[in-house]
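What follows is chain A paired twice: with chain B in the first complex and chain C in the second.
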Partner chain A sequence: MHKVGFLGISGIDNTMNEGLAYGSQIMINGDSGIGKSVLAAQFVKEGLDCQDTCIYVCCDEPPAATRDTLRHYGLHPVPYEERGRLVFIDAYSLEPEGKYYFPADDPLEKFLALESRVINTVNGEHIRLIADSLSTLLIGRDSQEILDFHRYRLKLRKKCRILTMDLIVDEVIEDTTFQVSSHLYDVIIKLYYTGSPDRPVRALHVGKLRSGKFDSSQLFYTIDSNIGIVVIPNLWG
Partner chain B sequence: MYLNSGIAGLDELLHGGFLPNSNILIKGFPGTGKTTLGIEFVYQGITRYNEPGIIITFEQFPHQLYRDAANYGWELQELEKQGLLRVVCTSPEVLLDRTSNLLDDLVREIGAQRLVLDSLTQLGMVTGDQGDQRRLIYGICSGFKRMGLTTMLLQEANSAPEQMSFTEFLVDTVIHLHFIESQGSRKRYIEITKSRGQDFDTGKFAFKFDTNGIRMLRIAHPQVLPHYFSRFNWQQKLSSGVPGLDEILPGGFLPGSTVLVEGDSGTGKSILGMQYLLQGFYEGDKGLILTTEYDADLLHRYISTFSSPDLAKALLRKDIEVFDNFFSYVNVEEVMVKLVEKAEAGSIKRVVIDSVNSFAELAESNLVLKGHLRNFFRSLNLMGCTTLVILGEDAEALRSQLQGIIRPLVQGQIKLSSTLEKGKRKWLVEITKMKGGEFAPGIHRAEIGNHGLQVFRRLGRK
Partner chain C sequence: MQTIDFLHKVLNHLYLGMSQVAERVPMGGAYWMEMSIAMMSQRIFNEYKQYFAPASGQAEDICLAWIDLLGQFGSVDNEAFGFKTINETVNISVESKECNYQDYCTTARGEGLPFVCPVLTGFKWITSYVTNRDYQLDMTAFPPNGTCAGAIFPAQRLKNILVKDGDHISIAGERAIVISTDAFGYLLKAIYEYAPHVLRQVLYESSYNSSLAEYDRIDPHYPNKRDLIEWLLRYPALLGVIRYEIVEFDEESKRACIHGYSSYLVDMYQQHELCLSPRISCHSARGRLAAYFTRAWGEDMTCEETRCQSMGSEFCEFIVLPTSS
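== the complex of A and B ==
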């Protein structure tokens, strides 16, 4: 039986009965500050716990800040980096710092080539790829380029059976392009605020799980400073 | 069937050599190389084909002849001692004296099969009457034939063409030697205008005197030699050495092909060539580069900017041979012959011509250049070399002429270009032709940076 992957957040994993096949592509969509990167950190932690190799593309902050986030949620990245189990691609800094660097306004073809090179370089039978957030890389590019990029990239990653998680910030990508792009993903998890404006509550729902059963009901969650996203059980059934 | 002249390249023009027992007229102005050609014909006959020979000269003393021949390493006196050669310095009257039998005796004595007579012009001077001259020369030509000799008769071309013009009718083969001024330098050419009973290549073909004698500078229509096939793996593609380009051209270039790389200045043509050679170094393929824009030192400096000291190693170990004295040659054919010889001798697998524009500077005409390039590329291909031919920026008319000449001759074509977009330089690569190999069509992005040229496959469908 093939290995399947989980997000590492029990409240959400429970809604996806059979887990995620390697080669699946997950879109995490939500406002800025809603907890996408926290979810990504938990996804990485889960991956490393299950012996996967993780590649983290940092588009919104330098890798050092992402390392801090991971530490915050109980994952010490350096030993994993030293063993080649965790690799950062820096797509944020103005000057190259780490081993893998991509200037954010360079052609997307070049990004794809770098990502592929890193995938081919790392060891490991099962690889998780996280782009945090992919939408930042797409700012200022025309719709056709974005769609071509998405299509081609996701096909390549599926072919290599990479479990891919792309974080997309709301309203960065123009609506139609966003709609078409989202069709390309196997799983879509949407994070948002709900409740009254005075007392907003974080909520998420799994919007899509291609060829799998899932529970699409709204889940409330909170962000625990040590654990990360904790889904609040629906006490009312 | 044929008698090999032993002169490099001449037998190919005659499709094998001279017909045995024939009279060959060598005609040319002073200084065109008639005597050297004649001596070499006899010398090669003796040393390579064991055919003793006679040199008859009315114009030089033997010691002059020995000295001139020694320049080419031909030790005539040694051959005389061995009884394989006779050098006769005499006068036409003595030679023609029927009572002396000088020639008959000499032929019998050494079993001569080749003879050179220097010169027919002097011989004709024994009489002023054209009719007598004709009878005389006819008689002597027949005499040589009767004796079983294959003879070279040297005749000075002169400004009065009607003088002794009949000689061409009396002989079997006529070869003209020319020394023509072209684009500021003089070039030597050989031209066969007649050869009874055999086919031959027409036209003027360049030759030169090198240390071993006369050498045709002809990039001949190449022969398929069986050992070429065993030398290279014809199935194995050659990596271009450019990240991303091997993705667009799956696996790289086809072995034994010629690929034209076109583009303006600064689009990465030379870097592509260098990366291609360096990749060969990493894979154990030997490389050869013709540089016309820069020399080996500059090449080294360019390449070190993106490849660390690897090239230095390659150059030191002679894994990459640099041919950087292009402009010391006056014949484009000579450069091509030289490159083909180097490729053959060095078992070269990767060749870069940077740039082919300079070839046009040395060629007499585009038509001539096209013929030469066709044979040149084909020779390299047959030897298993994969050649990148770089065509750089030039005056628009000249460039389009060169494109017209070269494009049909090559198997692959890569176009490099660049534009400015929002203040940033954008490099582009397009493959427009790749016979026998698949490629990703469309315009792909590229970048020139610290790692040299990188190509990024176009997004979207294959």
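== the complex of A and C ==
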């Protein structure tokens, strides 16, 4: 029986009866500050709990800030980094300190090559790859280049059975490019604010484009300071 | 073989049998042996107390009076014993060849069974009883040296972290209860069903907080931090919770690596389906270790489980390190 992966957020995981096959690709999409990186931290925590190896691409902040986020949600990254089970790619810092870094202005093929090199270097049968936020890497690039990059990258990751999570900030990528790119993912989780402007409520829905097996109804959630995203059951009874 | 020699053999085998049972009894070990010897000493004292006449209330005189009582019936040779008091400590030596329990002592220690010296424990009991003060026994030499030696002194350490007294069991002075894994499993299952996202945290924090309290109760009795942690890590094995083995203990860099075996939570997670997919599960053990080392090293420590028997590993691996590192 093949191992399947979960996000590590029970309210969402329960909607995915069979879990995610390794090789699946997840897009997390939402406004800045809605909780995408928190969700990514929980995805890493879940992966390490299940003995996966996690590769985290930091595009919006340095790896040190991501380490702090992980620590904040109850996972100390150091023992896992020492064992090669958590690896950071720094695509943010001007003067990176880590082993793997990517200057944000370099061509996307170079990023792809670096990502593939890291994947080939790490140990572990099951690998999770997180790009936070992939959209930052795509700013200012030509639509065709973005689409070609997306298509080729996701095919490669699927072939290597990497469970991939890409974080995309709303409205950073041009609409048509975003729509076409979205179709390349197996699962899209959209995070957004709803409710009245005075009392906004965080909500999400899970969409699976191909099989429609997921329950895509709206789920409300909050961000607990120790746990992270907590889906609120039956908010409206 | 004369009857007396045969009875002597029987006596030693009786003690060996008791040691074998003590080893198998949950929460057993040397403590139960000590209790048995203390109760036997009490019975002997009650029956023959008219022969007990200590010269003073000093510990050494009490020991001498006890050996006189036993010597009157020829069960021991008074000349084989030596006593020397330094401050409040009575150092006791016995010529091994004169000891009735030599076979028991050698065999039990050779077979790795819990061993408690009946002779020196008798001294400890009578001194505690007469002075109404808790005394402690430390053995310092055993038969192969030709002389057995030990010392009794007013108790500084807790005699055992786990004790049963009347209707109560206590761990480090705190009342404890024994429940089946089924009962505890259903409790965890209920938490998981209503709030799955808190289970990991609940197990970690509950264990962390209770372990801080345990540490604080024991701390005054142990000046050496490693001795203290070893002592604290011993009792979960007696309770069938998990058996720990310290692999690395680096006080300078504040890093520790502990291996765990047979954690009850490994079974619990699988039997009660407390997760959607196999994962590391010993969060109570993590919380306990983080708490003990936080106190021992005076800095907020955390613990990660990097390998787990629930994932097919030979042992669970716990890494303890400063939270801020």
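General remarks:
To be clear about the criterion, the second predicted complex is superposed on the first by the 230 of 237 C-alpha atoms of A that agree within 3 Å, B and C clash if a C-alpha of one lies under 4 Å from a C-alpha of the other, contacts with A are read in each partner's own complex, and residues count from 1 in each chain.
Just so it is clear, a residue touches a chain if its C-beta (ideal position, glycine included) is under 8 Å from a C-beta of that chain, and two chains touch if they have at least 3 such contacts.
Since the structure is predicted, the reported quantities are computational estimates derived from the model, not experimental observations.
Because the two structures share chain A, they can be overlaid on it, and in that overlay chain B and chain C fit beside each other without clashing. In the superposition on chain A, contact of A:108 is made with chain B only, not with chain C.
Contacts of A:70 after superposition on the shared chain: neither chain B nor chain C is touched. Among chain B and chain C, the chain that touches a larger number of residues in chain A is C. Once the two complexes are overlaid on the shared chain, A:226 sits against chain C while remaining clear of chain B. In the superposed model, A:89 lies in contact with neither chain B nor chain C.
Of the two partner chains, neither chain B nor chain C is touched by A:28.
In the superposed model, A:165 makes contact with neither chain B nor chain C. When the two complexes are overlaid on their common chain A, residue A:138 makes contact with neither chain B nor chain C. In the superposition on chain A, A:151 contacts chain B only, with no contact to chain C.
With chain A fitted onto itself, chain B and chain C come no nearer than 32 Å, counting C-alpha atoms only.
Chain A uses no single residue to touch chain B in one structure and chain C in the other. Listed in rising order, the residues of chain C touching chain A in the complex are 196-198, 200-201, 204, 276-280, 302, 304, 306-308, 311, 319, 321, 323, 325. Against chain B, in their complex, chain A makes its touches with residues 105-110, 112-113, 117, 145, 148-149, 151-152. Within the complex formed with chain C, the residues of chain A that make contact are 3-6, 9-11, 13, 19, 46, 49-51, 71, 74-76, 78-80, 83, 85, 224, 226-227, 230. Residue ranges on chain B touching chain A, taken from their complex, read 243-244, 424, 426, 444-445, 447, 454, 456-461.
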